[in-house]
Amino acid sequence: MTGLAPFQYSHRVQFYETDLMGIVHHSNYLRVYEEARVAWAHARGILDYQQPNSAFQLAVVETRVQHLKPARFGDLLQIDLLAKLEGARIVFAYRMRCPERGQETLSLAKTVHAALDSTLKPMRPPPHLRETMRTELERYPWTETWLLNL
Amino acid sequence: MTGLAPFQYSHRVQFYETDLMGIVHHSNYLRVYEEARVAWAHARGILDYQQPNSAFQLAVVETRVQHLKPARFGDLLQIDLLAKLEGARIVFAYRMRCPERGQETLSLAKTVHAALDSTLKPMRPPPHLRETMRTELERYPWTETWLLNL
Amino acid sequence: MTGLAPFQYSHRVQFYETDLMGIVHHSNYLRVYEEARVAWAHARGILDYQQPNSAFQLAVVETRVQHLKPARFGDLLQIDLLAKLEGARIVFAYRMRCPERGQETLSLAKTVHAALDSTLKPMRPPPHLRETMRTELERYPWTETWLLNL
Amino acid sequence: MTGLAPFQYSHRVQFYETDLMGIVHHSNYLRVYEEARVAWAHARGILDYQQPNSAFQLAVVETRVQHLKPARFGDLLQIDLLAKLEGARIVFAYRMRCPERGQETLSLAKTVHAALDSTLKPMRPPPHLRETMRTELERYPWTETWLLNL
């Protein structure tokens, strides 16, 4: 089945996320995108909060963030997330929009991750993760037009 | 009218809020308490996100946090908040509990704030703020037993 | 030997430590005070960076921060730190001043800590820590007048 | 004159910069790179701490971070920074190494910035900034081999 809306996550901008320019500090975008990624992993059953080890076997290898418009204190941010497997890497793409400002796109991003074994050495993603990623891509193929700008 | 439950706010602990001890870093408790305070101010109509100036005329004068049990990644934190005016100061008391862990109390806190004018000089709280605080204390008097430990 | 200046630590305020009020966010004071505490522990030989366990066996039990004047982007902050043992608790007192602004005191603080064993249960501070604390108090007794305001 | 070592900045990893994986949280790399960028701007005379407006007229347009090895609590990080003008954009490249671990490269990064006028609209970089960037590139041309991996 294809054509469904991708995974979505919402985040209300907090006061402590702003800086003296009056906007969200650029480092905090990676934190909001991480929130979305964690919520996705939890929704897909590959992250158990009680066993956070299941989560942190995914190391961050690369991050890339584009800033189109500043996010501000009190903004409700809506993040669309897409995920896929590329070889041994897990790749996420994100779009951040603000519904209260006419669905304006504020930021686009991509993060790349590697599976790690319990000694923190890179490993091939385990079967259940590969299966989850395969299903994810089938249901939510990377056909969104905003991906072209990433 | 008295005896109502005080204002409540919920926060899901994020991965980036933890430290290498595997628990929420103590500085982040002040951020969660700020989230609760901002949500309260918004609910009471004294904070307009579009005019953050209305918010930041409340400077932080003092903070005090007690740590009883560590909060962990994925925990859903529930914060009870009480507010009152003490002279020219606005005082908040907070209790943080974890419903998923038998309503165990994780932390108690108190923050003290001063109203500032537009040049960041301390001023007497304006009438609408004093009125809000008066109503708040009438409806939610500081009779909770956990206040005794603060 | 008494009367020496207490332990000092310097911190330059970074851009990402500010908020939309244009000043250092109040939660970041606890981070700067932690920097001072870690530097002190390292200087006293009770913290080995290569074995961070030696550090995190000190849990934060209580924090208290007074804000007298705001710290701003680019400020060089100078922290005085005093440490002592109170029963099974380790207590630190801090004063933050700004040499570039006439040694104006910006903030005072106190943090209380408990020793934990390797299973994170509270324990009596081990002998070498008690010895370090005894020496510290002998050399730097809590006679500073600013302690009276804490 | 060419062939000089590029601008360098050092940062000691703090406890609050780690996460429950026991390593520096990936969002904090952008903060350390910002520290280096601000120190560079200050050293070049284009940032006056007393007039932070001079700093924040440089908006962050894009960030890109590669993570090769994790940074850990207590690590002394050494950042090399290169800067140049590309059209109306100011581009920085960074290498993070750890001298105490055999100068191992931990991370590489690139950030892209736009000059803003006082109403936060993009503008052509002002003459003194263009002049600074020209001199910078002459003295520190982008000939480092690590740039090839960025």
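Think of it as A, B, C and D in the order they're written, each chain with its own count starting at 1.
Assume contacts are C-beta pairs under 8 Å (C-beta built on N, C-alpha and C of every residue); 3 or more make two chains touch, one makes a residue touch a chain.
Predicted, not measured: the structure shown is a model, and the values here were computed from it.
Enquirer: Write down the chain pair with more C-beta contact pairs when A-C is set against C-D.
Expert: When C-D is set beside A-C, the one with more contacts is C-D.
Enquirer: If we define chain centres by averaging CA atoms, which chain lands farthest from chain B? Would you check?
Expert: Of all the other chains, the one whose centre lies farthest from chain B is D.
Enquirer: Centroid of chain B to centroid of chain C, CA atoms only: how many Å?
Expert: Using C-alpha averages as centres, the distance is 25 Å.
Enquirer: With chain centres defined as C-alpha means, what is the inter-centre distance between chain A and chain C in Å?
Expert: The answer is 36 Å.
Enquirer: How many angstrom lie between the CA centroids of chain C and chain D, rounded to a whole number?
Expert: Using C-alpha averages as centres, the distance is 30 Å.
Enquirer: Show the residues in chain A shared as contacts by 2 or more other chains, in ascending order.
Expert: 15-16, 20-22, 27, 31, 34, 52, 56, 73 - these are the residues of chain A that touch more than one other chain.
Enquirer: With touch defined as at the start, can you tell me which chain C residues reach chain A in the complex?
Expert: 15-16, 18-23, 25, 27, 73
Enquirer: Going by the contact rule at the top, pick out the chain A residues touching chain B in the complex.
Expert: Listed in rising order, the residues are 14-16, 22, 31, 34-35, 38, 42, 49-50, 52, 55-56, 72-75.
Enquirer: Chain D touches which residues of chain A in the complex?
Expert: Residues 20-21, 26-28, 30-31, 34, 52, 56, 59-67, 70, 120 of chain A touch chain D in their complex.
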